[in-house]
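Shared chain: chain A. Partners: chain B in the first complex, chain C in the second.
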Partner chain A sequence: MARILFDEVTKIYGDDTLAVDDFDLEIEDGEFLTLVGPSGSGKSTLLRMVAGLEDITEGSIHIGDTVVNNLPPRSRDIAMVFQSYALYPHLTVRENMAFGLKRSTDLSDPEINDRVEEAAAMMGIEPHLDQKPKHLSGGQRQRVATGRAIVRDPGVFLFDEPLSNLDAKLRKHMRTELQRIQNQLDTTTIYVTHDQEEAMTMSDRIAILNYGELQQVGSPRTVYNEPENVFVAQFIGSPSMNMFVSTLDTDANRFVGDIDVSIDPERASAIAQNATSDELLLGIRPEHVTVHLEAVEESVPASVDIIEPLGSNDLLYFDLEDGTGVEDVIADDVSIGEDEEKDEEEYKVFIQPDSVPIEYEDSGELVYLTFDTEHMHVFDPRTGENIDVETATRTTVDAQTETAGDDD
Partner chain B sequence: MATQSRDTTELFGVELSNSTVDRLKAVGFHTFLWGSIFVVLLPVLWMVAVSLNPLSFLNVIEDPMRWVNGVSLDAYERAIYQTDFLIWFKNSAIVTLAATALTIVVCTFGAYSIGRLRFRGRKAVATFLLMTQMFPLILVAVPLFLIFRDLGLVNTLYGLTIAYIAFILPFSIWMLRGFYENLPESLEEAAMVDGSTRVGAVIRVIVPLSAPAIATTAIFAWIFAWNEFVMALILISDSSKTTLPPGLSTWVGRYSLQWDLLMAGAIGATLPLIIILFFLQKYIITGLAEGAVKT
Partner chain C sequence: MSNATPTEGGSIIEEYRYLLSKESVWGWLFLLPTLVALAVVSVFPIIRGILLSFYEYNALRPDVWLGLGNYATIFGLPEFWNVLKNTFVWSFASVVMMAALGLGFALLLDREFKGRSIATTLLLLPWTIPFIAVALNWNLLFDFNLGMFNGILNLLGFERIDWLSRGRYALFSVTLAYVWRNFPFFMITFLAAMKGIPQDLYEAARVDGSTRLDLFRHITLPFLQPIGIVTTLLMSLWTLNHFTLIYVMTSGGPGNASMVLPVYIYRQAFRQNDFGLAAAIAVVMLIIMMGYGLVYLRLYQEEVGGK
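So, the complex of A and B:
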């Protein structure tokens, strides 16, 4: 087991592409940390730098108390599971799993065999030990790849999108299994994925990256409830957060624009103090919007675009009468994530099944929306930062309440 | 409106049943195929025929029995007991084996470094290797002779081996390089994380996986070294050091030509190639098709 420390790590590829920029992070002994971000965000590069498969341009990486910058992969006490599994096609499952033990330990053949069988039992692949990888299904190959990693009992596990080649059902199953194994072995783990759902469900902490920069690091709940910037807000959560453009009227303590909502005076003045722009981005998750069929106090009219049945609830896509595009107000150098760029004004809300008649779809019939301002985030479009101090305070209180609840 | 039923097809204006058309097509195809094979193999057949009885082609056509009655292994006996054939065969075998083995060792790592490692000038090296293939052998023969003479490598089998390796390597490296570029990089990375050095990863993972490509390269090297004439003629002057192709050429006299002896020698020289190609042909097909489709 080992602690991992990234100290001002930078990676620049030969053609001057900046892949990772001044990355600082400490991963505790036995922690399960997920690096998540869109394609090209530098997450795999970071993992490969820990593995020793990529040189570090600047800064240093420590595994335990050792700076590993110049150590070859074999001397780093790590095991890695690749996206393609990278099983040796000419060797049987048993030989694949024993490969690392033969190279990195001086165990005798019977001892190696015992270890392989123990790991195979843990992964449920004992019947396949004498088969070649080409005879196994995708799920079985994934298990062998994980088995090959755990059999070595390394200080650090590195997973590079290990579940991305599996179908949705198997992926969910393997997710639970990997978590179980990590809990059982308590080995420090870095897990790379672009799937935010995977990151949310598996990790002790999530580090969100974009264009090689660390956007935020925290527990799944923290990054979901307290996104530090508009990119994290958009990237974490599925479906993504709704973004409305409104102006703060400090005299009336109201936001006016895409949506009109009142907030308390203290919060309004704090936001006004932090803001560098008149127009602000209001971020509200789909579960914090309520749909009414009749107009109510403080409600905003909207037309129904599509209603998607999801099973336990439905997802309603709506359009606002005078929606301002986020792209129109946000600064060029602020990234809001691909989803938002593609579907600029795609607003969503969760509703109870059949609570809105299906005839409302694309008919011009209006519904009326109210917003839970308690869970509303306010972002500055010039910096992309969350400038709503209220959110931070509230979630700290939430966290304390949660901890108190746990103690009970 | 259709004027013919489903059971008949028109072939060259004649209405025939489908099964007859299929049979005619098969007969036509096989006639063409066997005809082509006959044309290709005719010189080989004639080589065997002449080695057993040196009658002229016209005589054989006029009276085949005359050829049958005169068949003897005399030419083979003369080739083995009265000439240096066995010495040349041995020299050819030594040079070919050594050139093939060393080529494989060098080109496995050479191709890997050009195909996989990222270093400045990688593309230039690869292009330069290809450029060396653009010069005809005879063009570099004289400068090579002068260099080898100064180094004392002339008239030695290891000198000839070195010359062959130098000529085989560029093309072999290009062949293997394409194969390596298509192997997933994560395999050797997994081996390195699993405790291997880079060289260890190449030997334990890359080499076993590239066996078909390496076999193809080996066959290519073998054929080149076994058949090579110009270099052997220029670099070797002693009959006890020469190889089969220039050796056999000494049997072509100015005033006389022993066709049966020459053909017997040619068969002896061809036999090892036929045997090797017979057993390794599947690797040639696999090796050449490698990388054609994404697997």
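So, the complex of A and C:
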């Protein structure tokens, strides 16, 4: 077992393609850390640098107490599961799993066989031990690839999008299987995925990357509830966070614009202090918006685009009259994620099934929305930073202090 | 759709009816030009050759039916067995050397280095040169007085060798020229196969603790095996059949030291004016090659099909 330390790691391909930029992160012994980000964010490059499959341009990577920059993959005490599984097609499952043990240990053949059978039992693939990979289904191949990694009992597991070739149902099942195994073995794990849902459900901590830069690292709940910038806010959570453009009126302690909401004076002045722009981005997740069929106090009218039934609840897409596009106010060098760049202001809200009549769809009939400002994030469009985080944190701390005071 | 279309599990009569149906006749009509061309250039010469092998046939006298007489003559000739041995030695040695060289250069060209595309072009060049030009050039290289090889031997203080006129060197010399001309075929097929090997497998094997030799033995070689088997079969048949280089460089000499079956057949037919005997040798050669091809393909199916 081993902790992993990235110390100012930079990777430049060729002459000028910057893949990873000055990356610092410490992964605890036994921790399950997920690197998540869109294509080209540098997450796979980081993983491959840990594996020794990619040179490090600058900085250093430590596994345990050893700097591994110049060690070949076989000397790093790691095992890796590839997206394509990379099973040796001419070898049986048993030979695939024994391949690494034969090369990296002095174990005798019977000992190797025992280890292989033990790992196969753990992965539920004993009946397939003497088959070739081409006779196995996608799910079985995935198990063999994972089995081939765990049989070596390495200090570090590296997973490179291992579930992306499976269908949705099997993917969900394998998520829990991998978590179970990681818990059982308590081996330090780096898991790369572009699927934020996978990252949220499996990890102890998530590191979110974009264009080779670390955007935020924290527990799934932290990055979901306290995104440090607009990219993280948009990337984590499905469907993504709604972004409204409004101006803060400090006299009235209100936001005015796409949506009009009032906030408490202390929070308003803190936001005003941090803001570098008049127009600000208000981020509110779909579960923090409430839909009313009649106008209520502080409500904002909206027209219904489409209602998508999801089962336990429905997802309602709405339009605002005179809604401002995020891309109209955001600075050029601030990344908001590809999805947001592509679509035309798609606002979403979760509703109870059938709580809004289906006839409202695309009819011009208005619904009225209210917003839970407690869970509202405020981003500066010039920097992309969450300028409300400190307030939110202080509110939590204040609340805790008050509770503690009450107890006294 | 015609009513005569055969149904699954239909009777033989229905199938014949289908063959004679309008739809089918059109099909045969479209095939006819190809069938005629094949019959003229392929089927007819083979049948004519087989028939010829049962006759004493030359341009000057009427044909005489000999039955299996020509075959008896061949198998009784010591020089035939010698030629057969030469043919196998030349084919086997050529193919082994070409495969080894082809594999070696393919491994080199599979790596990233500056000037790789130029190196690939240069190494492919021999494959584009006509055999007649190769033969003339290598005759010069092997020349007793002016040739490069003797020049090198001379520089190193060794005696010069009569490469093409000394018994044990003649077959070796033509083999060398042939290998030089043809190894790029192996090289390019191996290189193409190497490009198709998923890089993930090499990476997985490296993480699994493999050395360079392990990577070659356990990843590269198994992936090259199917294409290697097919290329070897093709090249063996081409080499067994090859005529030009040996005919131009040594004509099978000195004596029969570098004589192989295709040149031997030519000599029997056009120098000895014995077309019947030449045809019989050609039939024996056809049977050997077909037998070799069938055994080889069976082995291939067992080896590759089993995987």
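Here, the second predicted complex is superposed on the first by the 387 of 408 C-alpha atoms of A that agree within 3 Å, B and C clash if a C-alpha of one lies under 4 Å from a C-alpha of the other, contacts with A are read in each partner's own complex, and residues count from 1 in each chain.
Note that in this section contacts are C-beta pairs under 8 Å (C-beta built on N, C-alpha and C of every residue); 3 or more make two chains touch, one makes a residue touch a chain.
The structure displayed is predicted, hence computed values, not measured ones.
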Practice task
Determine, for the superposed arrangement built on chain A, whether chain B and chain C clash or fit.
Solution key: clash
Exercise for the section: Check the residue A:G14 against both partner chains and state whether it touches chain B (first), chain C (second), both, or neither. Expected result: first
Practice task
Determine, under the contact definition given at the top, whether A:A51 touches first (chain B), second (chain C), both, or neither.
Solution key: both
Practice task
Please indicate which partner A:P73 is in contact with in the superposed arrangement: first for chain B, second for chain C, both, or neither.
Solution key: both
Handout entry: Contacts of A:M122 with chain B and chain C, given as first, second, both or neither
Key = neither
Handout entry: chain B versus chain C as contact partner of A:S84, first or second or both or neither
Key = both
Exercise for the section: Determine, under the contact definition given at the top, whether A:G100 touches first (chain B), second (chain C), both, or neither. Expected result: both
Exercise for the section: Show which residues of chain A both chain B and chain C reach, each in its own complex. Expected result: 51-53, 72-74, 78-80, 82-84, 86, 88-90, 99-100, 103-104, 148, 152
Handout entry: Complex contacts: residues of chain C adjacent to chain A
Key = 198, 200-201, 203-211, 214, 218-219, 222, 307
Fill in the blank from the handout: In the complex, chain B touches chain A at residues 118, 184, 186-187, 189-197, 200, 204-205, 208-209
Exercise for the section: Write out the stretch or stretches of chain A touching chain B in their complex. Expected result: 14, 51-53, 72-74, 78-80, 82-84, 86-90, 99-100, 102-104, 148, 152
Completion exercise
Interface with chain C, chain A side, in the complex: residues 51-53, 72-74, 78-80, 82-84, 86, 88-91, 99-100, 103-104, 132, 148, 152
